[in-house]
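Quick heads-up: structures coming right below.
Shared between the two complexes below is chain A, which has chain B as its partner in the first and chain C in the second.
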Partner chain A sequence: MEQFIYYLKVSLLSIKRAPLPYALTVFILSVGLGVFFANATFYYQLNSDPLPGKSDKLFFPMTLTPYDCNDCRPPRILSYSNVQKLAASDIPSAQAAMYSSDGYARLTIDQPPTPVVIRITQRDFFQMFDVPLLHGSVWPDDNGHHQVILSRPMALKLFGRTAVVGESLLLDDRNFRIIGVLDEWQMLPRLYDANGRNHLTANEDIFLPLETGYDLNYLSKTNSQTFDDTDYRQLATEGRVGALHQLQYWVQLDTAAQQEDYQQYMQSLAEDEKAAGRHPAPINNQLVPMLGIVDYFGDDPGDIKAFALVTLLFLVVCLFNASHLALNRYLSNQYEFSLRRALGASRSQLQLQMLADVLLMTVFSLLGALFIGYAGVSLMNALLPQNSLFSTWDLTLITALILAAFTCSYLVTLYPSLRASFGSLNQQLKE
Partner chain B sequence: MSLSLLLKVMLNRKIVTILLLLQLAITLALLLNSVLLAQQTHQQLNQPTGLELEDTLLVQLKPTTPQLRMYPLLEDLLQRQVRALQNIPGVIAAAYSNQAVITQGGNNGNIYDVDNEDRTNISSVPMYFVSPDFFKVLNVNVVQGELPQLSSYLDGDTQPGVILTQRLTERLFPGESVVGRQLNRGPVSAVISDFYGQRSAEDVMYNSIQVAPPYAVDWGYALMLRTAPGQAGAVREQLTTVLQTVEPNIEIYYIRSLAEQQRQLYRNEYGLASLLTILTALMLLVTMISSYSSAHFHVLKRQQEIGVKRALGASKRLIFIELLSESWLCTLIGAFLGIGCALILNQALAQVISIPSLNWWLPLITSAILLFSVTLATWYPATIATRVSPATATKAL
Partner chain C sequence: MITLTNLSKIFRTELIETHALRDVTLQVNEGEFAALTGPSGSGKSTLLNILGTLESFDSGDYLLDGKSIKGLSDAALSQLRNEKIGFIFQSFNLIKDFSIYDNIELPLRYRGLKAAERKQRIEQALELVGLHARRDYLPAQLSGGQQQRVAIARAIAGRPRILLADEPTGNLDSLMARQVMELLEQINQQGCTILMVTHDPDQARRAGRNIQIIDGQLHDSTMYEPLATQSA
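Our next item is the complex of A and B:
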């Protein structure tokens, strides 16, 4: 330990002798790491698995196409009648159709209304996506109920507390009973709603049964398409039978056998529908796993990917640059290295000295990288606000940064120190 | 000073030269692609919209009660709001529309000539349902036919007339007279000059308009107004109060000028271009530091050599030019490599974002920027080199 402290002291003395080249090396390394880390934060969070251990069991089936086309994929949103046909299968362990809508909530008619985002769905939704309940329970079945489940922030906003099961609220001036309140929950990325980059947005405030949503004519706030003369103002009637597509549909298939069976089921369904003249396009069934859904829809935010590539290159440039500066610094100090060698220090002892240099550089560049990384994340939030939910740091990210800082410092110092310690002793002493 | 000597000097310090060349090449690649992206964003923000961006205001809003979102209360509300807006001093015209202009997407559908569906069907054309003064607000010109003076109903016995933009008309009926022709949405009443509708449409200038109250406003609607030149700010300040006075049960999502609406639409591109510009500036700084450090170090290392040259008659100017020439040669080789790197990076970026291809003149300009930065960084070390006295040569003896 004493020896190590000595090495650290020698390193500090060396820095004091020529502080500018050292400061420039640390600055360049900090900038490279900080910029890379800022973007890596978004990249990591955007590509993280929101349901580890379960996401590979959740699938989005798309099968029936109500129009003629060549080589086309089925619509990315489903009609109510198509969902009913898919839901007739008992192969999935769980299944839920869903969409989101806008509304206004208040406790009494005299209060100003609060804008809310509503997820209109079925009871399996909560089990499939591991949605935690703090109070109450979900609906007993998939029928229509004038019952809602609130998110925790919405319960706090409306009532100032979370224990509100059994109380009522007005949603678009209609009376609803609260049967449940969610615990803290933020699924990021929100892959169950990946259409049109909605997976980048926050969770909904209120959860309403699907049948009630259709009965009360709640229209999708994100994506809806009509492929026939269905009047979208008549969701309760025409919307249930016509080609009005606005639903996302997820199934849970736990085993490979279930997945195979479900593919078979979709194939038979498509063939039956084709025979009945309701599926004019060639059959092109899709059973997309949850982690592949953003890619499938082509809604991956390219800006973060593009910037990831660029920041990686920037880090490489900074490493080259810092190596270059470090090389100059070590070559300037080569006389000192040679003198130590002449006085009996072995090359391995010189390498230990180098390790002390690396540790010091890691500490300084890590501090700089954290500062620049924080500034970078703030800047990216301001310039690309749609990704702002993905700007949090966690232990994994910080640990990765520490390792990256150490590795980079080591790489930057390795070649220059080797070159200095393997320099010609006689020549250096002559100089 | 010969090229072979310069190359020899560079080869004497291979590792440092390779590191410097790699930096210069990657810096140029990034610089080139950042400029391309910035250029594209600039073009997008400055493309013609056919609209008066600064003097046209847009209010996006929605009634907060279900009754106000249904007829007949909805129609009454729309008329009251438009009347109130028209009465604001400085407002030339006001109108409602089921959706705003200059948006990413919105309410759209297919459109075709009923006599020629197969050839003319266009799958996604914005459908605007508006009040009669909508055209006055947008200040568009009538190219053919006449604009409807009164509003009719989409659910009525006869379909309201359809007004098409010029570019859409050319696509549907190339070179033909169109007034009275029957589309799936109704008969064509008029053709107007082009304006920017939806970015996701096949062509941003494809728009069809019908003078009729919208089917529904579950997704909100837009109130649009054109102000006298220079009055937009004053009118904007009054909008919230005026609209809340007309009807308090509304939620105003935003109030924007069309110029702001356009910037909002290209916000991501603008953000990415800004980030790349900042990164490029940082990269140039890093390259300058590297060039400075390299030149400075080698001047110190070569003091004796420079002293000998001075003693043999080399002028200060020659020493100065020689050192700069080393940096220039290194930069030019780096820039040459950088163009290759830029092509690779351009193709990689094109996989994930929309970016134009490289042209022939941009590499020249960016190489010149790089050369200028390196010259600036090497200037001071080169000046130091000129101060080396010929007497230094004696130390080498």
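Our next item is the complex of A and C:
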């Protein structure tokens, strides 16, 4: 250990000898790593498992296709009546239909309204996606209720406190009673929303019962489509019986047997519907696991993917540049390498010296990269608002970033130090 | 102690081959003080570098303490340099931002000696070269002669059995050169074998033996009566 501290001291002296080239090397490496970190953060968030231990039990079923086509997938959104048909099965341990909508909330009519995003869903939603409640409870059943559940930030925004169960609010100027307030909760990626590229956005502000959403004609804000002449404005009546599709539907199937039974149920349902003339397309049932939802729908954002490639190439360019600068620095110190070897240092001892150099460079470039990475994340939030949610760098990500910084520092230092330690001893000592 | 048999060294470029050493056969016994002399480019520094394992050779054999150094690994050669050989260079080769103490400590660090032992050896070496009071100085704060004495202290701190000196007084004025020579003689009297490249005939005479090299070949190997005996 004492010897390694000595190596660190020697490294610091070497930096002191030519601080500017060293600072430039660290800067270039920090920029490359920082940009890479920013992109890696989004990739990490997008590809992490939001419900470890449970995500493999949650499935997105798609079965009934109300139009004729060959080899097409069933639509990812369902009509109200099709959801009723799927919900008739008692195979799933839990099941919930949902969609999202916009609205305005305020406490009294004389206050300015606050725009809110509403998740309109059923009671199993909270249990299926491990949504934590701070106060109160969810609705007693899946019937319509003029009762809402608030997110914690929304409760704080409207009331300045979280203990607001029993209070009332106006949602689009209709009176609702608050029956629950969520605890801190941010599901990342937000895979329960299978409608498009919204997996890194914030959770909703207000949760409303599905039946109430239909009763009050709340239309989906993301995706709705009708395959007959259903009037969108008549959700409460026509929307419940017509072919207006806007609901996402999730089921919880805890065992392989349940999954097999549910596949069979979907097959039977599709055959019945086909026989009734409501399923003109060939049967093509899908039961997509939660973690496969992004791949299945091809929602992996192309801009982030392209950006990932660019940042990776940029990192490679930075590595080359930093390595070139490091090579110059090492070659100018080659005399010292040769002297050390002449005095009895083996190449492996010189490589330990290099490891000390790598450690110092890792520390400096990591600090710079974290700073630039954070700035990069903020910039990406501004440029790509649909991915605007960035939570925190957790331990796994931080560890991965440290390893990336160490590997890059090692790569930058490896070739120059090898070149320096393999130089001609005699030649260098004479120069 | 040192046995060279038909040792040859060729420097090759794309266009020419230069025979730096041709079939050099030489025996140096323990405790000798030998001068390597010859015109510039004759191969004396090359021979010194081969003796110090800083340079490889093309043919022949080099036995150190009866063991061939041919085919030794990098780690084995490094250990050999560190434990048996001390180097003194014409341009001192001190690390300019290391203190005198840290410069002398360098070879001892690579030997893995404990801090207390390193300190004891460094202080003994500093005492011998008369620079104990300047242990915390940087090389630039010392005169050329003092810097060379630091280099000598660094070379002997590891208690080597062979000291290889490449024109150790080449960059010094006559007074400083005399002091350095006296120091080397003192070290030799303590039993250390010394091989010294020099252009100075007086210095060569002060060594007990003059090994003359011309055009890469051993031309003459004269034994002198040691200077101390002559004056007595």
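Going forward, the second predicted complex is superposed on the first by the 412 of 431 C-alpha atoms of A that agree within 3 Å, B and C clash if a C-alpha of one lies under 4 Å from a C-alpha of the other, contacts with A are read in each partner's own complex, and residues count from 1 in each chain.
One rule holds in what follows: contacts are C-beta pairs under 8 Å (C-beta built on N, C-alpha and C of every residue); 3 or more make two chains touch, one makes a residue touch a chain.
Nothing here was measured: the structure is a model prediction, and the numbers come from that model.
**Q** Is A:317 touching anything from chain B or chain C once the two structures are fitted on A? First, second, both or neither.
**A** first
**Q** Under the stated touch criterion, which partner chain does A:340 make contact with: chain B (first), chain C (second), both, or neither?
**A** In the superposition, A:340 touches chain C alone.
**Q** Which chain makes contact with more of the residues of chain A, chain B or else chain C?
**A** B
**Q** For A:5, select first, second, both or neither according to whether it touches chain B, chain C, the two together, or no partner.
**A** After superposing on A, A:5 lies clear of both chain B and chain C.
**Q** Which of the two partners, first being chain B and second being chain C, lies in contact with A:17: first, second, both, or neither?
**A** It touches chain C, and chain B stays clear.
**Q** Under the stated touch criterion, which partner chain does A:72 make contact with: chain B (first), chain C (second), both, or neither?
**A** neither
**Q** Which chain A residues lie in the overlap of the chain B contact set and the chain C contact set?
**A** none
**Q** Which residues of chain C touch chain A in their complex?
**A** 49, 52, 54-55, 74-75, 78-79, 81-83, 87, 89, 93, 95, 97-98, 106-107, 109-112, 115, 154, 158
**Q** Applying the document's contact rule, which stretches of chain B touch chain A when the two form their complex?
**A** Residues of chain B touching chain A: 15-16, 19-20, 22-23, 26-27, 29-30, 33, 62, 64-67, 215-216, 218-219, 249, 251, 267-268, 270-272, 274-276, 278-279, 282-283, 286-287, 289-290, 293-294, 297, 300-301, 345, 348-349, 352-353.
**Q** Could you please specify the touching residues of chain A with respect to chain C in the complex?
**A** On the chain A side, the touching residues are 2-3, 6, 13, 16-17, 335-336, 339-349, 425-426, 429.
**Q** Which residues of chain A touch chain B once you look at their complex with the stated criterion?
**A** 21, 24, 28, 31-32, 35, 102, 104, 113, 115, 172-174, 219, 221, 232-233, 300, 302-303, 305-307, 309-311, 313-314, 316-318, 320-321, 323-325, 327-328, 331-332, 379-380, 383-386, 415, 419
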